[in-house]
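Presented sequentially are two complexes of subunit A, the first with subunit B as partner and the second with subunit C.
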Partner chain A sequence: MSETETSTVLSILRERFDAILDGWISTQSDEGVQRTDLFSHKEGREQTSSLLRAMITGIAEGDTGSRFDLSSEPWTELRTVLVDVTQERSARGVSPSDMASFVLALKGPIFFQLQELLADQAGELVEEIFFISRVIDAFAVYCTEVFIAERDRIIEQQRDQMQELSTPVVELWDKVLTLPLIGTMDSARAQEVMENLLETILQRQSEVVIVDLTGVQTVDTQVAQHMLRMASAVRLMGAECIISGISPTIAQTMVQLGVDVGEVTTRSTIRTGLADALNRVGYEIVHKAKQ
Partner chain B sequence: MSAASAIYFVEGVLLVAIQEDISDTDILDLQEALAERIVRDSARAVVMDINALEIVDTFVGRILAQLASVSKLLDAQTYVVGMRPAVAMTLVELGMDLPESKTALSLSHALQDLRGKPLA
Partner chain C sequence: MSVPEGALVSVCVLLRDRDVLHARRVAGQELEKLGARSVKKTRFVTAVSEIGRNAVMHGGGGEARIYSQVHPPCVTVVCRDKGPGIADVDAALCDGFSTAGSMGRGLGGARRLCDQMEIETTVGKGTCVTMVARL
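And then the complex of A and B:
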């Protein structure tokens, strides 16, 4: 056991564990961060007491003084418990500020206990309060970090999913590919879509590509630029590009923006685009009855 | 002529194969040799296979464009074939989309186009 600046706190936590635990829980409930709507009293109590036990281990073995470092070895157990509790709570919809208040609610009961014990030793009282306060603050900050990391992970995951969803290149017929664009196009997405498309042209030896804009809500200069670049790259690869699904509104916007599509073929619907594409590779769609 | 590129004359068409490690001097030599050959063989087209080319810069892009323009002046249509996706994207980024040359997926696609028949 290392020398500790918070020895009184440690003894309080050990000897008056239940009193502190009750105090912590009632402070949580006073501050309205107990969230009994999301957790039963039992669960809340279990989480709180496991935190408190891990904290005792941390204080007993770790350094709480000037060299306090939450990321050091003795605090491993506490960090694990904090991560578990935070993830559990965030999954059930507890906000980061509620989570921080939940941890910070521990200060009250500890301070009162300290005050009782060290009533006549003002110097020591201040010192203990100062150090333990810093430790508990670090817990709260750590919880917030866990929260943010969790959110980042979700955002990352959703972005990946969106990327996957947003770049399907479909082979409609021999030598005919289609790329239905959906949603908004930013530079990163445009790049990804283009790479995907060109690779597929190479693999399938496709001669015609239909880029369908039916699912694109708005076209601005940037989107138009990306489309034209894509068309140029497709041409350089040796295939042809047809842009379909240009709605009347989009056509007007493009003209107003002064976008010149140059030699790129444009079609109003994917239907006419497909007929044109099949025609170029030597197929024709014929109605059976009219044969 | 260096070993970094080779010119063949087939069916009135000059076939040019560019190697992966073509240097700036090689490509300048190629430009000169190609112009000579177009006139000497009275070629009707030039098909340039750049499939081996993995990296392009503005210099190579400019020479490719110049080759097409020179051929056009000498009455030969240029085809650039077998371009890799990364090369296509780079050329577009650089704003060099080779307006003077036709493009095709592969050598055989270009030859089919020259024979005026769709590929079976």
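And then the complex of A and C:
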């Protein structure tokens, strides 16, 4: 056990565990952060008491004074419980500020007990309150970080899902495929798109593929290289590749970048790309009246 | 290079491809706010994309700082990494030079795409590229 500036708090927590637990829970309900609409009393009590137990372990084994560090080893159990409780509560719709208030509500009952025990030792009372306050504040900050990390994870997950959605290979006509690219192309995505495309060429016995860049705003060397690689792979499979949707802006930018498309056929719009593709497989689009 | 013109708008960490997308998006938004035309914006965004990705790929990650100024209107992006540095900047600027087996057009292309670009690099210490787009 290390030196602790909160020895009275530690003995209070151990000896008056139930009193503090009850105090904490009733402060939660006084402040309206108990959320009995989302948690049964039993669940709330279990969470609260496991937090309190983990806190005892942390104070007993770790530093609470000037070297207090929530990320250190003795506080592992507490961090784990905080993460569990925060994730469970956020999943049920508890807000970050309610979560922080829930944790901070522990101060009241501890201060109250301290005041009783150290009534005539003002110096020690202030010191213990000071240090235990810092510890509990750190818990609240940590909960907020867990919240943010959880949101980030969800955002990233959604982004991945969106990327999967946006790479369909569509058969426009017999032997003609189109691949409308949308958004950004990093290496992982380019690889996925390419595999998908080559597989479809084989299945459908396609002869022409239109890769449309209308939905791609920025064509840098990375995107250009993926495009050119895709075009040569398509050609190796015996099909032709047309890259369409090269806007005037993108054309100028590519020239200044020094990207040379070589033999690859490019078209400014998907419309001209389509007419060209149909032509190559022996079809023509004609106006009915003029037939 | 001297202190960038204008006020610091954003600091973006560059660790992954995704971070480069974010940095270039912020740079594009700043140009839009100043009323830049679409060609100007696309060119600068592409330059930031190249330099940002170099910091991730060759520089082991870094940071992009984006500055914006209204009078005279310009956006500046300072992209810094603590990677191996570039031994021969003139060679690296040449089209086709790459130590990564890619096109090798990023550095030279980026310089053509912005209105002003400066490279400060020290072998073993890192690289700092400053790009400016003026309206």
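By definition in this document, the second predicted complex is superposed on the first by the 175 of 291 C-alpha atoms of A that agree within 3 Å, B and C clash if a C-alpha of one lies under 4 Å from a C-alpha of the other, contacts with A are read in each partner's own complex, and residues count from 1 in each chain.
Everything below uses one rule, namely that a contact is a pair of C-beta atoms (placed from the backbone, for glycine too) under 8 Å apart; a residue touches a chain by one contact, two chains touch by 3 or more.
Being a predicted model, the structure only gives us computed values, none of them experimental.
In the superposed pair of complexes, A:146 makes contact with neither subunit B nor subunit C. Judged by the touch definition given at the top, the superposed model places A:221 against subunit C, while subunit B stays out of reach. In the superposition on chain A, A:104 contacts neither subunit B nor subunit C. Once the two complexes are laid over each other on the shared chain, residue contacts for A:202 go to subunit B alone; subunit C is not touched.
Applying the stated contact rule after C-alpha superposition, one finds that A:229 touches subunit B and leaves subunit C untouched. Of the two partner chains placed around the shared chain by superposition, subunit B is the only one that A:282 touches, whereas subunit C remains out of contact.
Of the two partner chains, subunit B is the only one touched by A:239; subunit C is not. Comparing the two interfaces of subunit A, the one with subunit B and the one with subunit C have no residue in common. Chain contact summary for the complex, subunit A toward subunit C: residues 184, 186-187, 217-222, 224-225, 248-250, 252-253, 256-259. On the side of subunit A, the complex with subunit B involves touching residues 191, 194-195, 198-199, 201-202, 205-207, 229, 232-239, 281-282. Against subunit A, the residues of subunit B that register as touching in their complex are 80-85, 87-89, 91-93, 97-98, 103-106, 109-110, 118. Here subunit C touches subunit A in the complex through residues 17-18, 21, 24, 38-39, 42-43, 45-46, 49-50, 53, 95, 102-103, 105-106, 108-109, 112-113, going by the rule given at the top.
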